[in-house]
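The two complexes that follow have subunit A in common; it is paired with subunit B in the first and with subunit C in the second.
Let's turn to the complex of A and B:
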């Protein structure tokens, strides 16, 4: 009981996740700045932003639904953090593990995006309304390739449970490298999920002010930002577990270090993509996802089915 | 304990001033200088400054230009949309006192005729260095006033 509480609250639960989330934002912004030949923010910047936003005045628009408006940011945070609890950190078993938990994690990770949509919808502001419609359109375009890409490695391991997939690939050496296509697809789709350039269409501040979050002030906005950062960590951990299934039997200390390195690797890739691209239009985004990413993900699944037949013979 | 929290909050406010930029009828030169101050050359993110699209997220309202009668209501509305604590900075001679537009029939003379202003940055146009200097001075004065408040509350 105490151990379960500790693992929820401290490691690898909320505290660990909170620090990781702020660190992720810092690394992302710092890399972004360095690639623009700037100095970039100091290391405490995300923390200072968080505290400042918490201490600011809270304004709720007159027309907004007060209860829903207030609860959505917390729901987003909770959902993003819950997803992390199901993902393995330093050994193949996550703290709460059950059969088919890869699918469950993907669905829990959809909840924050839905709260962004609802948050914009219930703000009753024109800009946030447009933003929330864009969130939803974007959700329908990246979710399918992401789902297929993340499930593809499981096809080869004939299971959608983290521990089975990880153990399967760990027993098979470099076999996980065949999933490289779906890894690329997943990275691009995740960029859309995290609403970062080139897929920051829902927040496009040059077009629609601040998109879904236009009306959110102070503490509520702080929670939304935190949810976004936690989501970055959760998604990176998910990709790390599925596409880089090695280093899960090294014990506690080494295991955590390897895990952090993997997350760092993914965050660096995401930051590089953010730097070198400019925002694309909504229709281009939908086309990219349905015309190129989905067939690629399908191809990976077929490849894995054939490979599986070859291996089992 | 409460004092420590107060200190932490003041520190965080000093370290992350998010700005929003509003043209209240400037000739556009001051706006270009504000945008120039945000480019990688000056790298304001070093001080935690970020440009925000919506007044709801911002702490500092950067206004340029004497207030035209048309835009006065909107300026007041945007000012009211900023959550507390908020600061207003008047950028450019026009925003400070009317400048070359002084006495025009369709203009007020300066931002402070419409909303309270915390810092004035003169110059026609105000250079990016002057804008950065002005904002750091604003933050310093805020820090001092907060420190004074804390000592008053303590003793």
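Let's turn to the complex of A and C:
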């Protein structure tokens, strides 16, 4: 009981996740700045921003539903953090493991996005309204390719449970490299999930101010930002477990280091994508996801089904 | 979505750097209608000019615009010099042209960054604005100021360009030319930029003429008109340059035209520096300008700038009228946004390179009634503010004497 509580609150639970999330924001911002020939923030800036936002005045729009408006940021944080508890960190077993937990993680990770939508909807502001409609449209575009891409490696391993998938690929050497197509698809879809350039359409600053978050101020906005950062870590951990299933049998210290390196790798890729592209339009985003990403993910699934038949023979 | 939304863009909005208001009627994500509202920044500059001597007006006119300050000052001076019959020495004309071209480089680099920011490509913004520093430092070296250069005086220029400064200018041009080539490559080849700019904000050549589009906005719609080539003011008669135009008629075309003009500006500056003649810097100018009137045209970075000056023999002008290029271009925005997306609104507005503070002038006719005198108009504005905003201006004395 005590051990379970410790692992939920401290490692690899909430405290570890909180530090990782802030570190991820720092790395992302610093890389982004350096690639733009700027200096970038000091290492404690995300934490300072968090504290500063907590101390700011909280303004709730008159027409907004006060209870829902206040609850949503915390729900977003909780959902993003809960997803992490089901993902393996240094060994193949996550803290809470059950059959088919890859699917469960993807669905828990959808909850924060839905809270962004509801937050904008209940703000009753024009910009938030448009922002939340965009959040929902974007969700329907990237979710299908993301789901298919993340499930594709499981097809080869005949399971959608983290431990089985990881153990299968660890036993098969470099076989995980066949999933490279769905890894690319997942990285692009994740960029949409995290609402970063080129898919920061729901919070496009120059079009709709801050989109769904326009009316959020002070502590509530701080929790939304934190939820976004925790989501970054959870999604990276998910991609690491599914597409880079190695280094999970190296023991505690080495295992954690390998895990952190994998997360760093994914964050660097996301930061580079953010630097080199312009924001595309909603219709172009839908087109990209349904016309290119979905067929690619489907192709990977078919490839894995055929490969599986070849291997088992 | 059956219900139509009216989204206010401005007067305060992250995409707009100056106050102007656009009421966008939306059907889902598509734009149905757009209503342009100007007039948030009326400063009464024309009226103030009538109350100051010509020399003071020069500094006031320079503050019409932050970026094309030299354009307005030169345009105003050309009109005054024409009335006074002053023969400006060649070297002064060359220096005016050099500063004018540098201003164009500064303005176009700034625009490229702003346009990139509007479509969420902040990396290009940071790169172009870094290079903009080069040209601003150069302007500070030549004139002492980074923004309002104040290099013009009645009958010539205030400061010479030395041999050492010539070398620095040429060196900076080489650096900028190389970087601009890279940006041209990025802006025309990068896939997301192309997707966001092509076929957005279409303005057909016929519409461009009808709406009176000028400068790069017009030239991107196949209207090959440039005051530098038509009027050959200052030293433009002595250099070779192409008038850049494009047949895309969209935002992409406007970007291509501006990048092309950057390259032309580097070449113009090189030619001017090479040919810089040795003459005095200025001719003595009278304090009282003889009665007469003149219109002067100038190709500002944003398009054709027009100044009208009427002198009455005293040391103050009787009337100064100026039309900034944005006023000519802003009309076309609603045409460009027909059947566009909400996401395109800000980039289309930004693509005309708007400068709303320069644009706002006084409107004489109110509600279609007869013309008003200055006193009536002042009374009207006092009453309007009292009634609509609850502010009482009756006790305010006019500061201008």
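Following the convention adopted for this analysis, the second predicted complex is superposed on the first by the 313 of 313 C-alpha atoms of A that agree within 3 Å, B and C clash if a C-alpha of one lies under 4 Å from a C-alpha of the other, contacts with A are read in each partner's own complex, and residues count from 1 in each chain.
Definition applied: a residue touches a chain if its C-beta (ideal position, glycine included) is under 8 Å from a C-beta of that chain, and two chains touch if they have at least 3 such contacts.
Please read all numbers here as calculations on a predicted model, not as lab measurements.
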{"item": "Touching partner for A:55 - first (subunit B), second (subunit C), both, neither", "value": "first"}
{"item": "Subunit B versus subunit C as contact partner of A:195, first or second or both or neither", "value": "neither"}
{"item": "Which of subunit B and subunit C A:130 touches, first, second, both or neither", "value": "second"}
{"item": "Which superposed partner A:41 touches (first subunit B, second subunit C, both, neither)", "value": "first"}
{"item": "Which superposed partner A:25 touches (first subunit B, second subunit C, both, neither)", "value": "neither"}
{"item": "First, second, both or neither for A:143, with subunit B first and subunit C second", "value": "neither"}
{"item": "Partner chain in contact with A:282 - subunit B first, subunit C second, else both or neither", "value": "second"}
{"item": "Touching both subunit C and subunit B, counted on subunit A across the two superposed complexes", "value": "36-38, 127, 205-206, 209"}
{"item": "Complex contact set, residues of subunit B against subunit A", "value": "8-9, 11-13, 15-16, 40, 43, 45-46, 48, 52-54, 56-57, 59, 81, 83-85"}
{"item": "Subunit C contact footprint on subunit A (complex, rising order)", "value": "35-38, 126-127, 129-130, 133, 197-198, 200-201, 204-209, 275-284"}
{"item": "Residue numbers on subunit C that touch subunit A, as the complex places them", "value": "1, 5, 7-8, 13-15, 26, 29, 116-124, 126-127, 130, 190, 192-193, 195-196, 341-346"}
{"item": "Contacting residues of subunit A [partner subunit B, same complex]", "value": "29, 33, 36-42, 44-45, 47-52, 55-59, 127, 205-206, 209-210, 213-218, 221"}
